[in-house]
Amino acid sequence: MFSPGDITAILLTLKLATVVTVLLILLGTPLAWWLARTRSWWKRPVAAVVALPLVLPPTVIGFYLLVAMGPDGPLGRVTETLGLGLLPFTFPGLVVASLIYSMPFVIQPLHTAFEAVGDPPLEAAATLGAGPVDRFFTVAVPLARPGFVTGAILGFAHTIGEFGVVLMIGGSIPGETRVVSVQIYDHVQAFDYARAHWLSGVLLVFAFVVLLALYAFQPTRARR
Amino acid sequence: MFSPGDITAILLTLKLATVVTVLLILLGTPLAWWLARTRSWWKRPVAAVVALPLVLPPTVIGFYLLVAMGPDGPLGRVTETLGLGLLPFTFPGLVVASLIYSMPFVIQPLHTAFEAVGDPPLEAAATLGAGPVDRFFTVAVPLARPGFVTGAILGFAHTIGEFGVVLMIGGSIPGETRVVSVQIYDHVQAFDYARAHWLSGVLLVFAFVVLLALYAFQPTRARR
Amino acid sequence: MSTVPGDGLTVRLDLALLGFRLDVDLLLPGAGVTALFGPSGSGKTTCLRAIAGLEAGAAGQVRLGDRLWQDSARGFFVPVHRRPLGYVFQDAALFPHLSVRGNLDYGARRARGDGPALAFDAIVALLGLGPLLARRPSHLSGGERQRVGIARALLARPRLLLLDEPLASLDDARKREILPYLERLRDELAIPALYVSHSIDEVARLADHLVLLEHGAVVASGPLRATLARTDLPPAFLEHAGVVVEGHVVRQLQDDLLLLDIAGGQLLVPASGQAVGQVMRCRIATGDVSLAMAPARDTSIGNQLPVTVLQVVDASHPAMCLVQLDAGGTRLLAQVTRRAWKRLGLAPGASAWAQIKAVAGLG
Amino acid sequence: MSTVPGDGLTVRLDLALLGFRLDVDLLLPGAGVTALFGPSGSGKTTCLRAIAGLEAGAAGQVRLGDRLWQDSARGFFVPVHRRPLGYVFQDAALFPHLSVRGNLDYGARRARGDGPALAFDAIVALLGLGPLLARRPSHLSGGERQRVGIARALLARPRLLLLDEPLASLDDARKREILPYLERLRDELAIPALYVSHSIDEVARLADHLVLLEHGAVVASGPLRATLARTDLPPAFLEHAGVVVEGHVVRQLQDDLLLLDIAGGQLLVPASGQAVGQVMRCRIATGDVSLAMAPARDTSIGNQLPVTVLQVVDASHPAMCLVQLDAGGTRLLAQVTRRAWKRLGLAPGASAWAQIKAVAGLG
Amino acid sequence: SLRIAAAADLKFAMDDVLSEFRRSRPGARIDVAYGSSGQFKTQIQQGAPYDLFFSADIAFPRELHAAGLAASDVVPYAVGRIVLWSVRHDARGLTLRDLPRTEFNRIAIASTVHAPYGMRAEEALRAAGVWSAVEPRLVYGENIAQTAQFVQSGNASIGIIALSLALSPQLRAQGGYALISDSLHAPLEQGFIVTRRAARNPHAHAFAGHMQTPGARAIMARYGFELPARADRLR
C-alpha cells in the first residue's frame, strides 16, 4: 500500500508536528499570558503582529525565511557564527519555519483563554500564598485548559497540513524534510491519485484520532 | 509602484477576505454554538471533523475540491443542475473553497468562547423572559465577543494568506480569482523581488491596520 | 391568602443531584409570601430552580393557579422563558456585559405584560441604584449587585417571585428600607412569592406561609402563625421564630402607639401606618416574653396578658426552656430560664402573667 | 488586646475607584476581632482588599506588628502572596477546577508556617465539609461554598484573617456552630481578624473592636464596648447593637446558669463553658432591657439592677426612645416606648430598676 | 548518495531513466525532488543540498553557473514541446486557431509569469493570432502539472500542456493531443548542471554521463522530448 517513502514521510511528519506543537505551547504560553495580563500600550500591536504572518502566502513566507536563514541572511549569519550551520533544508530549519507560521493558531486561543480566567481565582491563590509562577501553573493554566486544547489542535493540524513553507525551506529531502504533505502533493502532481488518496485517507484517519484524543482533555461544562 | 494588476488583486483579496470572514462567522456561529451546548455523543467527533481539513495540504484540498466541483464531481452536478454552472475558476468557487479551508479557524475560537459563557447568565436571561434565540443574541453572543474577534482575525488573515487552495480552484484569473497572495507568489517565482517586497509590505501594513481595528473590539479585562 | 388548589402554587417535584435528592410535595397559597427555610444545603435553591424550570432533571408537576407549567407524567414542560416569573438568584447572576441600566432594561423590555407594572424610577430609587446605572456589574459591591438583581426581577412584571436570599448581603438599614417595599408588593400586587432566607426576622415579617426544608424533604409546611406556634419543630428554630399574632387596630394613641385587639386581650404596638379597623400583624419573639405571677407596676413593659401555661419544651441551651402559653386564644411562646420556671413553681395548667417587652409591628 | 503601635495593625489607605473613594486611617489591635461595619457600598470589601494588597492603586501604609507590608511613600510593597493572611472572599472565590479537597489543600500546602496550625480534619468536621470533599465547587450550594472558603483560609495558617461576610449565607443553626469556633480561634490563636458583617449579633459576639465605615470614611473606631455605649451613633445602629458587658464568673449555679460579677452588681447568665474566675462577655440588647420604678417579684426576669438614667435619645421608630443608664459603672441601653418613659416620669438623673430579660453569653 | 532536483515535466521520463541508472549502481541512495524550476534555483542559491539540477528552462542553470554555483558546464538535455490537450473534446485534429470557438469556454495554460511552459504557450497563442480572443477565457496553473489537472478534471475544456505529460502513462489513456508547431514559440531549452557541492560526488558525475547514454536518450525521446546533439555544450 505504502512505499517506504510514504512511511518515512509519515514518521517525519509526526515528529515535526509533535515537536512544533510542544514548542509552540511552551513558547506561546508566556507570550499569550503577557498579552492577556498586560495593560501596556503595546498589547494590541503585539497581538496584531503575532497574527500577521498569516496574511502572507506560505511560499512567500518560506521564501523570506529561506533568504533570512541562508548564508547571506541575518539569521543565517547568526546560526553560522554559533557553529550551528545553516538551517534551511534541515529538520531544525523546518521546525523554526513551522513555529513561525503556526504561532498565531496557538497564541490566539491561549490569549483568549487566559483572558477568560479573570482576576478572582488568581487573587484567591495569591492570598493563599501562591506566588506569580505558582499561581500561573496551579490556577491559570488549568483554568485555561480549553485554550490549550484548541491551540494544540490548531497548531498540530496546521503543522501537518502546511506545506508551502515546508517545501520552500525544506527542499523535500526524504527522511529529513519531506513530510507527508509534500509527499501527497508530489503524488497529486504526478497524477498518482491512488497513492494520494491512500495517503490522504491515512493522514485523515490518524489526525482524526489525535484530535479526538485532544478533545478528550476538554473539560465538560459545569451545571450551574 | 503598483501595476494595475496589483491593485486589482488587492481589491479582489479584500472582497474575498471580507465575504469569507462574514460568511464564516454567520455559518460558523450556529455550529460552534451547537458544539458548545450539546451533550450529544457526536460533539467530539464533529469538533474533530471540523478541524480535519487542516491536516491536508492546501493544494491537495484544492485538488479534491476541483474534482468535486468539476463537471463529473458530486458538487459540480448539483451546481449545474441548479443552473449555477461550475464553481471552479469563479469568485463564488473561491469563496466556497476558502470557507471550507478557513472554517476551523473560526469555529474553534467561537466554540471555546461559547463554552466559557456558562449557564448562569443564560438562565438569568431565561427567567427574564428571553427565549432561546433572544438570549443567544443578547447574552451568548456579546459574552462570546473575544471568540468572535479571534475567529474573525484568524479567518480573515488566513483567507488573505492562503493560496494553495485558491491557486488550485481559482486558476489565477485577473480580477476574478487572482488574489494578492497569488500575485506575490508570481512575483517571487518570477524573481521580481522588488515588486514582491512592495506588495508584501503593503499587504502586511494593511493587514496590521485591520487586525488592530479588530482588536479594538476586544473588551478589556474587568477589575474584579 | 387562599389555599384553593385552582388558585395556588402546586409543586410536586423529585430530583436527584450528586449526593442529594429533592423530594417535595407542596401546595402553596396563590398570593402572599411563602418562606422557604432550612439549613445550608437543604435544597432551597434547588427547589426554586426546579420550580423555575431550570432543573431539566426534575420530575413531577408544577402548576400556578390554572396554568400548568410542568407535568412530567404527560411530558408537558413550559420552558423557563415562558413561565412569567421573577427570579432573584443567590449570587445575583447579573449580565457582565451590560451596565446596571442595561440589566434592568433587559427584564423590563421583556416584561410579560400580565404581571403588575412597576415604575422604573421608583424601583431604582428604592434600591438606591440611581448613581450606579452606568456601571458594569464588575464595578459594584456585593450588596449593590444583589440590589440590582432584585430590581431586575421586579421590573420583569412577574406573576410569581422566586427570591433566593435576596437580602443576605445587605445591611440592616438597607434591609429595613427594602422590606416594607416587599411587603407592599406582597399586599398590593397579590402575586405569590417564594422567599428563601436565613433570617427569621425577615421571614416572620414577610411570610404568610412557611415551608421548612431539611435534607431535601419538607419538615413542615403551613400558614405562618400556625406553623410558628407548633412546639414540635426544632428548638433552635422555635427560639428564633417566636410567634406572630394578628389583631385589629382599635385606637391610635399618642406617642405613635396603636392599641390592638387580639384574641384574649389587647396589645400596645408601635405604629406602622395602619388605620383604625385594619388588620395588623406583629411578631413576638420568645425572648421578649417573660412570666410573672402577678401584673407588675411601674415598669416600662407596656403589655401584660393573663395566660395559662400549656406545655414546656427544651430550648437549645440547657439553662433555658420554652413555655407555650395560651392568652385567651392567642398562643404565645416564652423563653425563660429553667431556674425561673422552677422558682415560680410553674407547671402545665398554671396561671401567670406574660410580660411582653417588645412587639414588632409587621405591617 | 493591645493598641501599642508596634503590635497592632496600622492601615492608612487612600484609594479612588469609579465614583468612590476610600480614605481610612486606622490603628487596630494586634489580636482579637475587629468588626468592619457599614452600609452596602460603604467600602468594606475595598478596605479588606487594599489591606491584602489586592488594590494596586491604593496609596498609603499597611503595617502588621513590626512587619511593614506597604508604604507607598517609600515605594515599598509586599506582594499579596508574601502577606501571611487568610482571606474569605464575599463570593467565596473557590477554584472551579479543583475539588473541595483540592481547594482546601491548596491553602494548606502553601501555609506560611508562622501562623497557627489547625487540624485539617477538625476544620472539615466543624464546617460540615466531610461529604463534600470530592465535589466540584459548581456542585455546591451557596452556603456550602462559603464554608469551603472559610476552611480554606483557616488552613493557610494566616497571621491576619480578613473575613468578608463569611456567614452571610449560612443559616442560624450553622452560624451558631461556627461562631464559637471563630471565638476560640480569636482567643486561642491570638491572631487579629478583620470581620465584615451585617449582623450586629455576630459583631457583638465576636468583635473586640469596632470600625464603622460610611462612604469610604471611618465614622467611628474603637473598642467594642466603648463604641457600642456611645449614643452619638446612628440610632438604627445603636438599637441593633445593644451593649456588651464583661465580668468575672463568681459562681456556677444549678440549671446551667452562671453568676457574673460586673461593675455595679451581678448578672445571671446561661453558662457557655466558663469556669469560676474567668472573664465572660455578654451582650444585652436594647430591646431586652425594660425599666421599672421598683424591683419586680414573682417574675421570670432573673436580672434586675438599680440604675441611674443618664440621657435619652431618639430611636428609629418615633414611638420609641433609647435610654442610656448607668448601673454603678456599667453602661446599659434600654429601648422603651416614649409612652412608658412619660408614664414612669423618667428624666436624666432619675433612679430606676433595669429589668434585663435576656443576657446572651458571648464566650 | 545522490540528490536530484528536477523540473516537474520530467517526472515520468526521469523516473524511467533513474530506474535504469539505479540498476548500474546498487547500494547508492538516489532521491529526486520534482518541482518548480524557479524555486529550485532559489533554493540552490541558498545552499540547498542538491547534487544535480535539471531545469525546465536552461536560463536557471546558466544563472547558477554564472554565479559559480555549478561544478559542471550547463548541459542541454532536452527541448520540450507543448501540445493542445483535452479530455472533453477530441483534440487530435485541433490547432490553436480553433481555440476561439465558444465550446472552449475555459482554456488552461501554465503561469505566463514564471512557468516556462506557460510563457511558451502565450508566445504560441500570440503567434497564432488568437491571444486576444482567448485571453478572457484563460485559466492559469501554477505549474504544468496543475494545468493538466485543470483539464483532466474537466473544469477547463482544453489546455496547453507539456508533451511529456500528454505521453505519460497516467494521462495518455485520457483524451488526445495535438502538437503545437515549435515555430510558434521560442524553444523550451532544458539544461542541467552538477552543483558546486557535488563537485566531488562520483554519482553526480556518473549520472550526468548517464544522461548522454543512448538508453537515457531513448527514454527522453519516448516522452516527447527532442534531444539536443550529443555532448553539445552550450555556454
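As written, the chains take the letters A, B, C, D and E, and residue 1 is the first residue of each chain.
By our rule, a residue touches a chain if its C-beta (ideal position, glycine included) is under 8 Å from a C-beta of that chain, and two chains touch if they have at least 3 such contacts.
In this text the structure is predicted, and so the values were computed from the model without any measurement.
Following the contact convention of this document, B is the list of chains adjacent to both subunit A and subunit E. Averaging C-alpha coordinates per chain places the centre of subunit D 91 Å away from that of subunit E. Averaging C-alpha coordinates per chain places the centre of subunit C 26 Å away from that of subunit D.
As a whole-number value, the distance joining the C-alpha centres of subunit B and subunit D reads 60 Å. Rounded to whole angstrom units, the spacing between the C-alpha centres of subunit A and subunit B is 19. In subunit D, the residues that touch at least two other chains are 91, 139. Shared contact sites, meaning residues of subunit E that touch two or more other chains, fall at 39, 42, 146, 149.
Within subunit B, contacts with two or more other chains are made by residues 59, 63, 120, 185, 222-224.
Here the chains touching each other pair up as A-B, A-D, A-E, B-C, B-E, C-D. Subunit C makes touch with subunit B in their complex at residues 52-54, 79-87, 89, 91, 93-98, 106-107, 110-112, 136, 138-139, 152-153, 156, 162. Residue ranges on subunit A touching subunit E, taken from their complex, read 59, 63, 66-67, 69-71, 86, 88-89, 167-168, 171-174, 178, 186, 188-192.
The touching residues of subunit E, counted against subunit B in their complex, run 36, 38-39, 42, 106, 108, 111, 113-115, 138-142, 146, 149-150, 153-156. For subunit B in complex with subunit A, the residues that touch the partner chain are 36, 44-45, 47-49, 51-60, 63-64, 104-105, 108-109, 111-113, 115-116, 118-120, 146-147, 150, 153-154, 157-158, 160-164, 181-182, 184-185, 188, 196, 200, 203-204, 207-208, 211-212, 215-216, 218, 221-224.
Within the complex formed with subunit D, the subunit A residues making contact are 120-121, 123-132, 134-135, 138-139, 142-143, 145, 219, 222-224.
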